[in-house]
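First comes the structure, then the notes that go with it.
Chain naming follows the written order as A, B, C, D and E, and within any one chain the residues start at number 1.
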C-alpha cells in the first residue's frame, strides 16, 4: 500500500546521490509511506524521463534549464549541492594551457548538451579568447579520453572526478566557472514535473522530506553513508577510498549542507542568476529551436514549496 | 571423434591464437587495463562476478524470448495474411523495408519514452529487428512452393486453405528456419540495445554501468555472456531444425 | 504509367494512412509534442534545419562509404583466400560468426576508446557489421558454381586460377549483389552507431544532441535523413546490379 | 462412336493468356477404357489442356463434355499426374500416396488402409515409411502414379509422367505401365514428347501443332495388347513412328 | 585393329571413391574417325571414365594409351562436352563458343575470328551476341558442341549431350549431329542412356554393368552412313536395339 516513487539518475551512482540511497536503505522512505525505486542510469536523460512521466523525480544539472525552455514539463524542487561543483579540467602536463584563452581551437570531450559549448565559449571569451572549440561527444567516456590524451579538456564534478584524479595521482589543472563570469549555481538538482507535483503534492512532500533527511544523515555520518552507498552499488562502486574521500569533500566543503546549515533549499538568486546567464548567452531555445527573445520567469523553473520548512 | 577434431581444430587454433596474442599485447605493450584488459583478467572477472552476471542475464533472456515469440507469431500471422490477400503484400512490404532502415540507436530511446521501462519496449524493439527477416523468409518459403504441387492439390479438389496447409506452409519450413537462425542473432543484440536506453536490470544495463565505471573488463565479460547466449540460442534453432525436418537430406549423411 | 501506379498505390496508401493517423493522434490526443511530435512538425523542422542536417549527413555518408569500401574489399580478399585454402575457411568462419554475436552497443565505445574519434573506429565498426554478410554471400556464390563448368574448364587445361576467374568469380556475382543489398542497410545504421559513441559531427551526433536537448522532432528528422540515405544507397545497389548483370533474366521482362 | 459413348470430348477448345494465343482450336475424344496420347512440341499448350480440364484455368471458347454432359467447373472426374512427380518431400511415401484421399476428407487411417494393398503391386512394398528423397527416380514416379490411381477418378491425366527420367529408366517404366494397364480398367489421356512412348502405350495419338495449338494428325495404334518392347520393331509400329516423327519434325 | 592403330585404348581401368567401387575393370578402344558409345545404367561410373581421361581424377588400376603411347596426366587430347550444357550465363554466345580457345591463351579477337565461320553451319548465325538464356535448349546444345569442336582436339568426349532435352528436340539434335558427323572427320566417344541414340549415331557400342562397372557387351552397328531416322526401322537396327535393351534391362 506504500506509494511507489521512481527516481532517475543523471550519472552512474556517485556521492551526489548519497542522500537517496541513505533515505532508501535507512528506511526513511518506508517510514514516510513510500516505496522508492532508484532507476539505473541509462542512455535516456533523467529530465526526459521525468517530463514524460516515466519517473517522478530525476537528478539533473543545468541542462534542465534548456529542457524547460524547450517546453519540457520540469520543475527543480531540491538542490543537492549548495555551491558550484562543476570545473573545467585539463591535464596538468599540458604546458600550453595556462588560462581559458589557451583552449581556443582545442578539443573538448562533452556530454551532448547545447549549453556546454556556450558555457565554455563564454569562459574563454571572458578570458579574452575567441571561444572556438572542437567538440567531441563522449558521455561517460570523456574522462578516459582526457586521461589518454584524446581530448584536451572536459568538464567535471570536482567532488567526484576531481577527487578521483587526486587519489589516482593524475595532476589536473582546473578552471572555476565563476572566475570567468559564470554565476554560481546549484550544479546538481532534483527535478520533478508540474503534472506530477500537482497530482501528487503530498507524496512529493513526503519524498523530499525523506530525501532531505537522507542527505542530512549523510552529512552527519559521512563514513557510514559512504559504506552504505557502496553496499547499495557493489558493481558500480568498487573504490571505497574514492567514495569516502568524495563524501568527506562534499561535507567538508559545505556542499551538502551550507555554512548556514541549509540543506536542499534552492537559492532563488542562484536560480535567477544562472537562468539569466543562460538566456543572455542564447542557450535557452524554444521548442522550435529559436533562441528565447524575452527573459523567462525563472521563478516558474524552481520551487521550494515541497520542502519542509 | 577424429572427424570431429578435424572439423574443429582450425577454428580452435585460430581462436586460441587470437586470445593469446591479445593476452600478450595487453600484458606487455604497456596499454592500461582500463583501456584494454587482458583476456585472463576478463575471465577472472567473469568468474568472480558470475552471480551478478547471471542475475542480469535473466531479464535479458526473458525479454529476448518474449520479443522473439511475439516477432515469430506476428510474422506468421502477417505472412499468412499477405499470402491470402495479395495487395496487402505490396502495401506492407515497403513499410517493413523502411522500418529496417531506422537506426535502432535513435529509435530505442523514443520507444522507451513512449512505452516506459517495462518489458513492452524491449519486446517491441526486438520484434522490430527480428520481425522482418522472419517475415521475408516465410513469404519466400510460401513462394517456393512447387507450382505442380499446387496444381495437383487443386485437381484433387483442395481449396485455397487446404493448398496452403498441405503445400505452401510445409514448403516454407526450411525457409522458416533460415529466418529463425538469422533473427535469433539479432534478438539478443536488440534486447541489449533496448536495455541500454532504459531498464532496471539486464545485461545491457550491466554493460552500460560497467562502461560508465571504466570497467571494460566487466563490459567484455558481459559481452562474452551475451555472445554465449546468442550461440546457445542459435544452437537450439539448429537442433530444432534437425528434429523437425527429418525429410531434409543433409550433407555427410548416409543416403 | 498505369502499371507503375498499380505497383505503388497499396504502399503509398498505407504509408499515407499511417502518417495521417500519427498526425491526428499527435494533435488531438493531448500527448506532448516533446513526447511524440506530429509528422507535420517533423517535416517542418526537417526543412528549417536542412542545412544543419546536410552538414551532419556528410560525415556519416563519408564514413559509410569508406567503411563499406573496406568491408567489401576485405570480404573479397578473405573470400578468395578462403576459397583457395580450405582449412582457412573452417578456421575463419566460426570466428566471423562469433563476431556477429557481439552487441555493437557495447563494442562501439570500446572501439572508439581504442581508435579515437576519427574515421578509423567508424570504418571498423561498419566493417564489423557488414563484412560477414558480404563474405558469406561471396563464399556461397563461389560454391554455387556449376560442377560441370569447372570440369569443362579443367578439361580445357585451365588451372585453379583460371577456373576461379572464369567460372567461380562470375558465378558469385548475383550472390555478391544480394550481400551488398543486405549490408548496405546495416552500413548506415552502423555508422550512426559509431558516431553515437564518440564523434565530432554526423547524423548520430545530431540525433544524440537533439535527444539530449529534448527535441524528439529533430531526432525523427535525422532518422528520416538516415532512412533516406539508406534507401538511396539501396537503390544504387539495385541499379548497379541491373547494369552489371545484363545476362540475368528478370521478372516482367520480355523474353 | 457417337458423342454419347465418349468419356471425354473436347470440341473447338481455345485459350489465350494475355497476348499469347496458346490453344487455337483443339478437339479431342477419349472413349471409356481407351489410352489416348497427345504429342506436340514444347510450349504448344499441352499442359494448358489439362489445366482447363482440372479447373486450373478456363477455356475461352469451345465445349467440353464428360460422359455426354457438360463438364462442371470444379470437376471430380480426373486424377492428375503432373510433369514432375510433385511428391511432397516432407511426407513419407505412404502419406504421399494417400494425399488425394486426405483432400477428399478421408481420415488418415482409412486412407492408409486403402492404399496398403497396392504397394506390393506398384513395387513399393517396404518403402511406405521412407521419405521421397530416399527413392530412385523410377520409384518416385511409381509413387506418383499410385497417388493418382488411388483417387479412383474416372479418368487419368498423365502429363509427361516419365519426362524427367533417364532414357533407360523411362523404358523400364513404360513397360511397367503397359503391364499395369492390362490389369486395370483405366481410361487415360497422356501428354508426351516421346514418339516411342506414345506408340508403345496408346490406342490413339493426337499430334498438336506449335502455338496456337491445333490437332494436325490423329493416328490409331492397332497393336495388340499386352505389348512388349520388341513389338516396336514390327512394321506396323515403325510405320506409325515414322509417320509421327514426320508430322512433328516437318519435312 | 592392333593397339598401335587405335586412337584411345583403355585396358583394365579401375577406380574406387573411398568405399565406393565405381569402375571394376573397364577396357575400351576407339579407332581414329570412329564413333563409339558407352551405354550403362545411372551411377554406373560412365562420367567417371571421362573424368579419368580429362585428368579430373586418377584411375587406381589399368593403363590408358593414346595413339599408342601412355596418356599424360594433364592431356590436351580431348575436348569435353559435359552432361548439362554448362554454358556460362554471363558470357554471350560467341564468348561461350570461344571459351576453350581463350583458356588456350588465344586473344579474344583471334578466337572470335576462328569461330565466326562456324555459326552458320551450327545454325547459330545471328545469335552471336545473345546470352544463353535467350536460346532454346536445342540451340544451347549446339553452342556447347561448337565450343567443344572448336578446340580442335584429337577426340571428342560427349557425356550425354542431349540428356536434358525433351524427346522431340533430342531426336532433331541426333539427326543434326549425324549430318555434322558426315561432314567432319571427328573421333568421338559418347555416353548415353538412350539406346536409340546409341544405335543411330555409333559405329560401335559398349554396354556397361551397374557399379562396379565392367563391359558386358560390345556391339557393332554396321548401318551405312549417312543415316536417317527411318533406318532405325531396318531389321538390322531393330535387332541391335532389342539386343541392347535386353542387355541393359536384363531378362
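Details
One rule holds in what follows: a residue touches a chain if its C-beta (ideal position, glycine included) is under 8 Å from a C-beta of that chain, and two chains touch if they have at least 3 such contacts.
Please read these numbers as outputs of a predicted model, since none were measured by experiment.
Under the contact definition, subunit A and subunit C share the contacting chains B. Two chains share more touching C-beta pairs than any other pair, namely B-C.
These two copies of the sequence, subunit B and subunit C, are related by a rotation of 180 degrees on CA atoms, to the nearest 5. The mean-CA centres of subunit B and subunit D are about 48 angstrom from one another, to the nearest whole unit.
A straight line joining the Cα centres of subunit B and subunit E is 51 Å long.
As a whole-number value, the distance joining the C-alpha centres of subunit A and subunit D reads 85 Å. Across the assembly, subunit C contributes residues 35, 109, 113, 211 that each touch 2 or more other chains.
Across the assembly, subunit A contributes residues 44, 48, 52, 141, 144, 148 that each touch 2 or more other chains.
Multi-chain contact residues of subunit D (touching two or more other chains) are absent. Interface note: chains touch in the pairs A-B, A-C, B-C, B-D, C-E, D-E.
Across the complex, subunit B is touched by residues 51, 54-56, 74, 76, 78-80, 82-84, 86, 88-91, 99-100, 102-104, 131-134, 151, 157 of subunit D. Contact residues on subunit C toward subunit E in their complex (touch as defined above): 146, 148-149, 151-158, 162, 166-167, 170, 173, 245-249, 255.
Residues 11-12, 37, 39-44, 48-49, 52, 54, 139-141, 143-144, 148, 234-238 of subunit A are the ones touching subunit B in the complex.
Across the complex, subunit B meets subunit C through its residues 7, 10-11, 13-15, 18, 35-36, 87-95, 98, 100-107, 109-110, 113-114, 185, 188-189, 192-193, 196, 204, 207, 211, 216, 219-220, 222-223, 226-227, 230-231, 234. Subunit D meets subunit E in the complex at residues 41-42, 137, 163, 166-169, 171-172, 175, 192-197, 229-230, 232-233, 235, 238-239, 241-242, 245, 248-249.
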